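Paired with chain B in one complex and with chain C in the other, chain A is shared by the two complexes that follow.
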Partner chain A sequence: MAVGHAEGPGQNLLLTRLEDVISWARSNSLWPLTFGTSCCAIEMMMASGASHHDLARFGAEVTRPSPRQADLLIVAGTIVKRMAQPLRTLYEQMPEPRYVIATGACVISGGPFIYHSYSSLRGVDDVIPVDVYVPGCPPRPEGLFYGILTLQRMIRERAGLKHPEERRAPVTAALPEGITKQEIQAEMLELFEAQGRRNVHEEYRRTVSDPGAKGAYPGRGERG
Partner chain B sequence: MSDWLEDFIAGKEGAELLADDRPRSLLLPLPALIGSMQALKAQGFDMLNDHMAVDNPEGEHIRLLWLLCSTESGELLRVCCDLPRQQPVAPSLNALWPVAEWQEREVYDLFGVLYSGHPDLRRLFLEDDWEGWPLRKDYEDSFILEPGKP
Partner chain C sequence: MTPKTLTLQDLLRTDFAPGGGTQEYFVNMGPQHPATHGVLRLLLKLDGETLRQVIPVLGYIHRGIEKICEHQTYRQIVHLSDRLDYLSALANNWCVTRVVERAAGIETNERIETIRTLMAELERLQSHTLWWGVFGMDLGAFTPFLHGFRDREELTQIFEDTIGARLTMNYIQPGGLLHDLHKDFAPRVRAWLKDFGTKVDEYDRMLSGNLIAQKRLVDIGALSGDEALGLGATGPVLRASGVPWDLRRVRPYGVYDQLDFVVPVGEKGDCWDRYWVRIEEMRQSLALCETLIENIPEGKTMLVKPAAKIRLPEGTFYEELETPRGIFGVHLHSRGKDMPWRFHFRSPNLHNLWCITKIAPGARVADIVAMLAGLDLIVPDMDR
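Up next, the complex of A and B:
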């Protein structure tokens, strides 16, 4: 209790540091709900499960089939009027703090179904609050990653413990126009290094080219 | 291949082959529908792949389509039947192909076609209190947005 106690409640060093640690942990262990309603969900599966776009690198790959265990709702795909109520229920069943990423034109504005549709919602924010919008039809996996990285930054910057009820204004995480795959890869690499994470892909490539080297994945010989 | 189908419609009044259609399409009059479907099933079209409808306000009819498939030969056959738009009542094919139950509920849900002999004709996709048949061409409601309109 001696640490920084003099400054008064909420101001001491220990609590400030603890908050940083908690939001760092929170932002790096997002558990998304397994929820997808149409084509965008296929792209989300590409991003979370498939090779090349492994979402585990950002600590958000543990998709949960129950909203009670999830804290991130990625709304991927058209939401029709009849789905609105179950979606709201799912959102309300998720424990606080919970975050929502809306991917794709459909859930942002109605997208291709904005006109002449008798059933598609024109924007999921009529039903649940959204933190990050990821535009695209569907967004590329890199676009979704960009959205998740944006959300992680928002979580880290948010004064989570002191004001749990505080909501930040939603942001749009659009990849800048004309950006290339190489630029995205370079930026992600930079990010990995800045956060001191291991680049398992580099290590894997090294193990493959040099079977004797120690790396992220054991070579065939090591496994015996 | 074409012979048996021409023989098949030979005795039926109002039945015709729709030209140049793939898969081959057969237009049947409403009274002959059930009997012909029974005969087609006996001939080897043992699977009902799909059931659809097309609304045609100019022609004042709703065309029902059934896609039949023979699991033995893989042959496909489309059977069509026109219903008057004002009184769209068709016989249910649920007794021949049990899968028709839900397919007919879907067509009922979106086009308002009534099936006589259907065991459980309720809406399938839309809310139970929905008013109107949204896939009919003249359907309107306050939710639908049109370009250029407020």
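Up next, the complex of A and C:
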């Protein structure tokens, strides 16, 4: 991927090399934002603060309480609809280039709260763009490390001075090659149907787009 | 007409609060704030540096767990209770299990109850080590954080051996336990307990005697016993105010009735008493674990078929127990199906939170961080 930098008018060899150096430096000095909403935050603290795992080995331990000083947002814990707007604000307050790691099942797809929850988001990428997904409930510290190493590799290969906001498709860390988020979501939908469960989130979306449709939200349905 | 331009001198001379006195203003603390341990939002009404009023605003992590429970079987509900107060996951599992077992009439044996009690006490230690570390960090000392998390990590690995999870345990199930103990469990726990006995004293030497810590804790946020009872506070917060109410002693469950331990009680109910009660609780739990690990009887660890469907009779059931943060209760309304009709959690943190509205007014704005750390709040447990 790094070959593409020297192409196009106005780009010379020196600038290309400089971009590589900057990307290298940027990838090794990530400053994460102290942001955790629930369980995953504890495992993130175990990974970043505690001496056993020690995130400092990978150059990403300087957690900042202010988004204006951070360039990595680790979304740790469920994001509910009420938190979606503050999260978007936090993301927009961060200076560019900024990166997002989504840790845990809740922020990837909804996780344990995917069935019948009227308030949790089914995946944080409805609100902010995500670079790396780290699965687990919560992910082990080693899983988070793999996610951060994946992000560092992405930064070194891709992000440069010219296009800080441009991204390629998100990757899922610590999963076998070739499994995409779309496949996971399709499997979840199959589960919905196989177990005869109602997809409340989908019903809500449908109600918003067509209020007169059948199966109006938030109907309680026949539960006995 | 040209608009009037205010200079800095004009601004300084302006009387913002006619009639004398100072002007009160609001400051938002949260939902993203490192000292609120999550997404708690507090509206602070300030007069200069003095707090006039604190208004907690909830709902930033309301996931609708009680509603989801209405659609889950009783076995599935246990794993949702992990995600409420994730630092006392085993105690939450146990409470759900107790209410289901009582309603279904499942009797357990001595081995299951002993292991449950031991696990709950180990979890109390695990939770309090994390609290101690974060407490120090909130006061501005980073070293306690490293020490607390170092001891917690070892215990986390011990749990992982047996349970297979580091944080969200899902271990105590209706009818028994998910797995039997790992073969290394007893020797590892013994070694850890021996090691941790010296660590509590080290904690004490490191932070308790620190003059800055004392200045920031003693006589800050005092709460009387009556006020604490009126607000529904439980756990160390209530005991620090001088009320010796501990369900392990008052209404024993598990094998607590066979155990000998002291319920530490504070005097004034200030931040220092809350700190001290928890440090003493660590010592008591340590002694309890040392007794329990030597006295695990033989027997089966699962008494019902794991795949069996549990149907509860019609009726309303309530059970409660003492988690590291206070009384956790489960209110269950059944209509005879394999899923509950209504499920309600009585979470200790929601009630402990309202103490802040009582103890904060009149204090300095910097003290609110010490008060929050002393209350030891877990936000997903409040919002559910």
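Here is the rule we go by: the second predicted complex is superposed on the first by the 161 of 224 C-alpha atoms of A that agree within 3 Å, B and C clash if a C-alpha of one lies under 4 Å from a C-alpha of the other, contacts with A are read in each partner's own complex, and residues count from 1 in each chain.
Quick note on the criterion: contacts are C-beta pairs under 8 Å (C-beta built on N, C-alpha and C of every residue); 3 or more make two chains touch, one makes a residue touch a chain.
These numbers come from a predicted model, not from an experiment.
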Fit or clash - chain C, chain B, common chain A: clash
First, second, both or neither for A:Arg82, with chain B first and chain C second: both
Chain B versus chain C as contact partner of A:Ser109, first or second or both or neither: neither
Chain B versus chain C as contact partner of A:Asn28, first or second or both or neither: neither
Comparing the two partners chain B and chain C, which touches a greater set of residues in chain A: C
Chain B versus chain C as contact partner of A:Arg122, first or second or both or neither: first
Clash with chain B (superposed arrangement) - responsible stretch of chain C out of 3-11, 39-47 or 237-245: 237-245
Overlap of chain C and chain B interfaces on chain A (superposed complexes): 82, 115-119
Footprint of chain C on chain A - complex, ascending: 34-39, 41-43, 45-46, 49-53, 65, 67, 77-78, 80, 82-83, 86, 90, 112-113, 115-120, 137-138, 140, 197, 223-224
Interface residues, chain A side, partner chain B - complex: 81-82, 110, 114-119, 122
Chain B - residues contacting chain A, complex: 125-127, 134, 139, 141, 143-147
Partner chain A, residues of chain C touching it in the complex: 31-34, 38-39, 59-65, 67-68, 70-72, 79-80, 82-83, 86-87, 130, 145-146, 149-150, 152-153, 156, 166-168, 335, 337, 339, 379-380
